[in-house]
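Chain nomenclature is as follows: A, B, C and D, assigned in order of appearance, with residue numbering initiated at 1 for each chain independently.
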Amino acid sequence: MSHNSFGHLFRVTTWGESHGPAIGCVVDGCPPRLALGEADIQPWLDRRRPGQSRFTTQRQEPDQVRILSGVFEGQTTGTPIAMVIDNVDQRSKDYGEIAQRFRPGHADLTYELKYGIRDYRGGGRSSARETAMRVAAGGVARLVLGSEVRVRGALVQMGPHRIDRARWDWAAVEANPFFCPDPVAAVEWEAYLSEVRKQGSSCGAVIELVAEGVPPGLGAPVYAKLDADIAAALMGINAVKGVEIGEGFAAAALSGEANADEVRMADGMVDFAANHAGGILGGISTGQPVVARFAVKPTSSILTPRASVDRMGQEVEVTTKGRHDPCVGIRAVPVGEAMLACVLADHLLRHRAQNPDAPASARLPRN
Amino acid sequence: MSHNSFGHLFRVTTWGESHGPAIGCVVDGCPPRLALGEADIQPWLDRRRPGQSRFTTQRQEPDQVRILSGVFEGQTTGTPIAMVIDNVDQRSKDYGEIAQRFRPGHADLTYELKYGIRDYRGGGRSSARETAMRVAAGGVARLVLGSEVRVRGALVQMGPHRIDRARWDWAAVEANPFFCPDPVAAVEWEAYLSEVRKQGSSCGAVIELVAEGVPPGLGAPVYAKLDADIAAALMGINAVKGVEIGEGFAAAALSGEANADEVRMADGMVDFAANHAGGILGGISTGQPVVARFAVKPTSSILTPRASVDRMGQEVEVTTKGRHDPCVGIRAVPVGEAMLACVLADHLLRHRAQNPDAPASARLPRN
Amino acid sequence: MSHNSFGHLFRVTTWGESHGPAIGCVVDGCPPRLALGEADIQPWLDRRRPGQSRFTTQRQEPDQVRILSGVFEGQTTGTPIAMVIDNVDQRSKDYGEIAQRFRPGHADLTYELKYGIRDYRGGGRSSARETAMRVAAGGVARLVLGSEVRVRGALVQMGPHRIDRARWDWAAVEANPFFCPDPVAAVEWEAYLSEVRKQGSSCGAVIELVAEGVPPGLGAPVYAKLDADIAAALMGINAVKGVEIGEGFAAAALSGEANADEVRMADGMVDFAANHAGGILGGISTGQPVVARFAVKPTSSILTPRASVDRMGQEVEVTTKGRHDPCVGIRAVPVGEAMLACVLADHLLRHRAQNPDAPASARLPRN
Amino acid sequence: MSHNSFGHLFRVTTWGESHGPAIGCVVDGCPPRLALGEADIQPWLDRRRPGQSRFTTQRQEPDQVRILSGVFEGQTTGTPIAMVIDNVDQRSKDYGEIAQRFRPGHADLTYELKYGIRDYRGGGRSSARETAMRVAAGGVARLVLGSEVRVRGALVQMGPHRIDRARWDWAAVEANPFFCPDPVAAVEWEAYLSEVRKQGSSCGAVIELVAEGVPPGLGAPVYAKLDADIAAALMGINAVKGVEIGEGFAAAALSGEANADEVRMADGMVDFAANHAGGILGGISTGQPVVARFAVKPTSSILTPRASVDRMGQEVEVTTKGRHDPCVGIRAVPVGEAMLACVLADHLLRHRAQNPDAPASARLPRN
C-alpha cells in the first residue's frame, strides 16, 4: 500500500526529486531469465526525453539509465531491478520566489498543506521528471508481456484540435514531434503550438493508448478490474484529469443496441464486430485490443501573471519563468504507454497465479 | 492486493453472487467508538434499491442489512464490521439459455475465458447486485468522514440529454426518480426513458459527484494520488467507461490561463477563484470541493436480438429478457457516492498516519 | 495491509466476535474449478471443536459451517468464498465483573488502551473462537495445495513434559485427545492434565507441524520468505509466544558442520542427508518436508485470584470462572495446520505467477 | 505485497546484490520534518560493518551511505527516502566452482530451483550484505519512534554458551566485539570463538532485543499483531531459525499462575509485576518493554568439505573458502534492532491512523 509504489506482482517503486542528485526506481517481481540491459530501456527514455524539439522544455537531461541490480550476465534474476538516472541539468539559480509562492495549478500549495515542507526546486517530487522512471519500468514491463503484446500511444487532440481518425497512421506517430497519428493534423498543430509557445501560454491534450495482443482473462473482478487499474495508472500521471476505456464518455449517449459489440467466430476464436468496450468486459480483457484515452490539462507554468498566495498567506502574483513544455501532453505519450504496459504485466502475473491453465487466446470451447 | 477488496486502512472486502443465498462485505480498519447501527446504513441502501420506480428493475429486493460484527452496544469497536444482505428474490427459472450463451456487453464471455466456469444465474459475481455492499460500506465511510464532509451525487446526463447546469438544485435530486439536479430535465427524461423502456432498449448516463468539506492534504503522491484512487474506485463500478476529475476531458481544450485556478485569501484561508482542478492538485486535496464524474454505458440487457456465440463456439443470437434497468446509470448515483466516501475515508486515515499535525482546513501560514 | 486479512494471492479475511451472532471469513483468490462443499471443510472444524473431551472447554459449539458464495454446482468459481458459522452457545450471563476488570494475560487491557472500547463478552474479537475460521480457510488451502501436499501437526510438549521422538507415530495423533504422536506420553499427559484441570490451573504446550510434498521454490526473498510468513502466521495464533523452523533455537548450539544438511542425488532428485533446515533455505522451500514448531503459553483463565486493575484504574483481584481449556495448546494443533496450509497455498500461487516454468520437484539439472 | 518490501505505512524496499555495483533501499511513508542526514544513519551502519574485529569477515566495506532523495535542507519531506551504499570490495576472482556447485546450508540450491538462474558472486541477493540496508532503514525508523523509544539488542548465547543474566550490563554491550551484555561471558566467548575460527568451523547465536518506551496500543489484531510482525521481521533475517516473544518457548512449561503478569497501579499508570508477555498481549503492546529473541544458525560457510551436488546433478564436495564470519549472529544484533525499530515505526503510524486519540502511555482510566 506504499504511497510510491504501484502494481502488485509486477511492482514498481520510484523515488527522487527533480533537482536532487538522481531519480530511480525499483522493479520487483519481474520473472527471471528475461534478456535485459540498459539498451532495452534507453530507447523508451529517449522518446520521453526533453529538449528534442522546440515544443518541449529545453532542459538538457540525457536521461541515461543505469541498472544497478537484478540482472546477471544479461538476464533478469527474479530479484529487484534497481534503475537510476542522474540529474545532470540542475542549474543553480535563485529559487527565492518560487520557494515562498505557490504556483497556481501546481502541487506547491497542497504539498505545503499536507507536509508542511516541500522541495521547491523544479517541483521536487511532483515534477514530471519522475515519469522518466515510469518509462524505464515500462520498458521492463514490455519484456514481461513479450513480443506478441504491442503497446502504443498517440496524441489524438492538442488543445481544441482533434485528429481526423480516418487518417490514422501509426507510422506517422514517430514522424512528427507530437506523436500525432494524423499527418495533416501534425502540420496544423505545429503552427498552433508555435503560437501558443510564443505567447507564453500552454494547451492540453488527449492521448490514446492501444495494446494489441493482450490475452483474454486479464483483470481480477471486482476491485482489481483491469480497467480500474488502468484508470488509476493513467490518472496518476501528472496533470491528467480524465480517463476513458473504449467508447468512454461517448458511451453514455449510445443506445444499448449501438454499444453492444456483437460476437462471431473466426478460426475457432471469438471475433468481435466492434470494440466499443475497449477490450474489457466485466473488468476482464476480451482478447481484443485494449483501448484507453486520457486527458492532460494545459501546462500550469505560463508567463501570464496569476493571482496566488505565499506561504505566509499573503496575496501575490506569480509568473512562471523557465524552460517549460507548452503542451506537457506530448511527453505524456510514452509515459502513458509505460503505465499501460506495467498494468498489463502485473495482471498477466496475477492471472496466471490463479488460472495457470487459462488459454492465451480467445478460443472456444475454452477447454 | 486482494481481488475483492479495496482501500488500505479503511478496507472493504465484498463477497456474494446475484442468486446465491446472500451478499456481504467486511469493513476493516474503521476507527472505534463511532455510533453505528443498521439504521445508519439502511437509508443509503434504500436509495439504491431496485423496484422503486418503473425506471428501475422490478426485481423485489428489500436489501435489509444486518451487522454481524464489529459493533458493540451501538458503537464500532475497531474490529471488522461484517454486513450481510440476504437474497430473497431468487425466482426459480430456467437458466438453460443464458447458461450456455454469452450475452454481448456482459462479463459472461470473459469470466468463461478467465475461469472456465461461471455462476450464470443473474450475472453471478458480475451482477450489479454486488454494488449494494459498496453502498453499505459507504455508509460506514461517511461516519468516518464525519458530518463536516458531505458526499453527494447527481445524474447530469441521460443518454444524449444533458442537464442545464444553471438550473442545478440539490433539492431536486431527491425529488425525481433519476437523481437529476435539473427539475426541467427531469421531466424531459421521464418521457425519454419511458420510450427507451418501451422499445426494450437502454441508454447510458453521466453521474457527477461532489464532496464538500474535504480537508486539504488527502492523497499520497505519487502512486496513491487521491484522484488516481477515485478513478479506480469509479471505473471499478459495473458498466463505467470513463472518469473525470474537475474540468476533466474539457481541460484539454483550455488554455493554461483559463485552466489555472487563481488563489486569494479569505479569513485566513486559501480561497480559490475557480475549481477547474476539481479540488485536487498534484494528487492531494486542496480543501475545495472534490468533483468527479463518471460515464455509465447503456444497459447491455436489451430485447433486440444480438449476434453472439455459445460456450461451444457456436454462433447464436441472444435476447436478454427479464427485469432490467433501462438506464443502470440511475442506480449508479448512490454507488458512486459510496465509492467516493470510501476513498476519502481511506485517505483520511492514511493522511493522519503520516501527518498527524496537518491542519484540518486550508489555513495559511500552515504552522 | 488489512488488519484482519492474511495472505496475498490466497487471501483470508476473518470477522466476528465470540458472542456475536456469527463468525465468518472470506477466502479470496482461490483458483477456480476445485471441487468444494461444506463436507470438505467440516471435518477440519470438527477436529478443533470444543467439548469433545474433558480436556477442552465444555462450551457446546457445533461449529457448523455454511458456504455462502464462491462455489457453483460444487466447484469454486474463482470469486470470493464466504463461510459463516453461527454462534449458538451464547449463554446469557452477567458480564458485569469481566466488563470492568482486566483479566491478566488476556487482551482485555490492551484492547481498552488501544480502542477505548471492547466487546468483553467471552473475549470478543480476541477470543480463540476466531480460530475456527482459520481452520475453515485452511480446508480450502489444502484443496489448493492438492493431494500431494500433506500438512499435519502434533503436540510434542505439554507443560514441561515432552514426547519421546523415538516413539513418534502419526497414527497415534488421532487416537488420543491431545494430538500426541507418542502413545506413552499421551497416557502420562492424561493424568497430568487431569490434575492441572482439577486445580483450576493451566499449562502450555509446543506443537510441531510437518508439511510433506511441498514443491521446491516456494518463498519470495527477501521480505516474503516462506519461513518469515510461517512465523507471522503461527505467532499470530492466540497465546503463541515462539516459533521455530527446523532445528530452531537448538541450531544456535550446533557447529556449522553438524548443522549443514549434506546433499546427494537420488533418482535425479536432490536428496538431503538431514533436515536441520526444516525444508527452507534462504527463505525458499527445498522440497524437503517443511517443519515448524510453535509454543503456546498456559491458558490465562485460571481459578486462582490474580492481582489486576479495572477500567477506572482501581486495583482489584480477578478470578476467571467459566468453561476454559486447561491447555489451549491442544486445540491449537488444527489451527496451526490450517495456518501453515494457508501460507503454503499463498506462496504456491505467488511462485507460479513469477516462475510459471519452475519444476514441481527438486530435479537437477533444472532445465 | 512486494517480495522485497516490508512494512505498510513505514515501508522499506531493498535492492542489490553482494557483488553488484551498489545496494540500496527506499523508505516510503516517513513523516515529514524529521531532521535527517547521513550522519544519523552512518553510526548504525558502522556497528554492523564487517572487518572491525578478527571475529567478523575481513572483507573491507566502508558501507558509506548516501541519501539521494526525500530529504530537503536537512529535513524529511514525506517523499521516498532513497539510500545507497556502493560496493567497493568486489575482488575479482574466479567464481567457477561456486558458480556450479551448491554450498550446503546456503540459498544456492533453492535460488536455482526457483529462478533457474542466480547471481552466484558472494551469494548475490541472498548475501547478508543486504542487511546493511535494513540497518539504514532502521536508522530512519528510530527517528520516527522518537527519543523516548529505545531499541537495543545483545547477544545472549554464542554456540552452546549462554550469558548469566544476573550480570546483564547494557554498557558492556558496546565494550566487546560480541555485543555481549555479560562481561564475564564476553571474555570466555573470545577464547571459544577464536578456537572455532581457527578450526574453520562456525557457531550459532541467540540475540535478545529490548524496546523500551513503546506506547501501549501498537499492533492490529488479528492478522497484523505486533508479535506476528516482529516474528516475520526477525525470521526474515538471514540464517534465523527461531523467534520468541517474552517468555517464548519456556512459557510452555509454566503454569498459568506463574505466567500471568499481575497488574497494579503506579502514578496513574498500569504497572506490571513481571513481563512474561514480553510487552505484548493479544497482539497489542502493553506499554512494558517489548522483548524478543531470535536464534541464528551457525555460518554455513566452513572449511570442512561437505557433500553436495552441482547444477548438473553431479555429486561433489564443497569447501567454502574466503572471508567469512565464524559467528554471523554477532552482526545480526544491529540488524535485529533495525528490524524491530522498523516494525514499531510502522505500527506507530498504523495505530494513530485508526486511533488518533489513543493515549501515549498506559494511563487508566483511559478517557
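Following the convention adopted for this analysis, a residue touches a chain if its C-beta (ideal position, glycine included) is under 8 Å from a C-beta of that chain, and two chains touch if they have at least 3 such contacts.
It should be emphasised that the depicted structure is a prediction, and the values quoted were computed from it without experimental measurement.
Simply put, chain C must spin 180° to overlay its Cα atoms on chain D, rounded in steps of 5. The chain with its Cα centroid farthest from the Cα centroid of chain A is C. Separating the centre of chain A from that of chain B, both taken as means of CA atoms, is a distance of 25 Å. Between the Cα centres of chain B and chain D there is a gap of 45 Å.
Inter-chain spacing, taken between the CA centroids of chain B and chain C, is 38 Å.
Multi-chain contact residues of chain B (touching two or more other chains) are listed as 1-5, 8-9, 14, 29, 32, 78-79, 114-116, 125, 221, 350, 355.
Only residues 1-5, 8-9, 11, 13-17, 20-24, 26, 28-29, 32-33, 66, 68-70, 72, 75, 77-82, 114-119, 124-125 of chain D touch chain A when the two sit together in their complex.
Contacts from chain A toward chain B in the complex involve residues 1-6, 8-9, 14, 102, 104-107, 109-116, 125-126, 130, 157, 159-160, 196, 201-206, 216-217, 219-225, 227-236, 238, 240-249, 251-265, 268, 270, 273, 276-278, 280-287, 295-302, 304, 306-309, 311-315, 329, 350-351, 355, 357-359, 362-367.
Of all residues in chain A, only 1, 8-9, 29-32, 78-79, 221, 349-350, 352-356 touch chain C in the complex they form.
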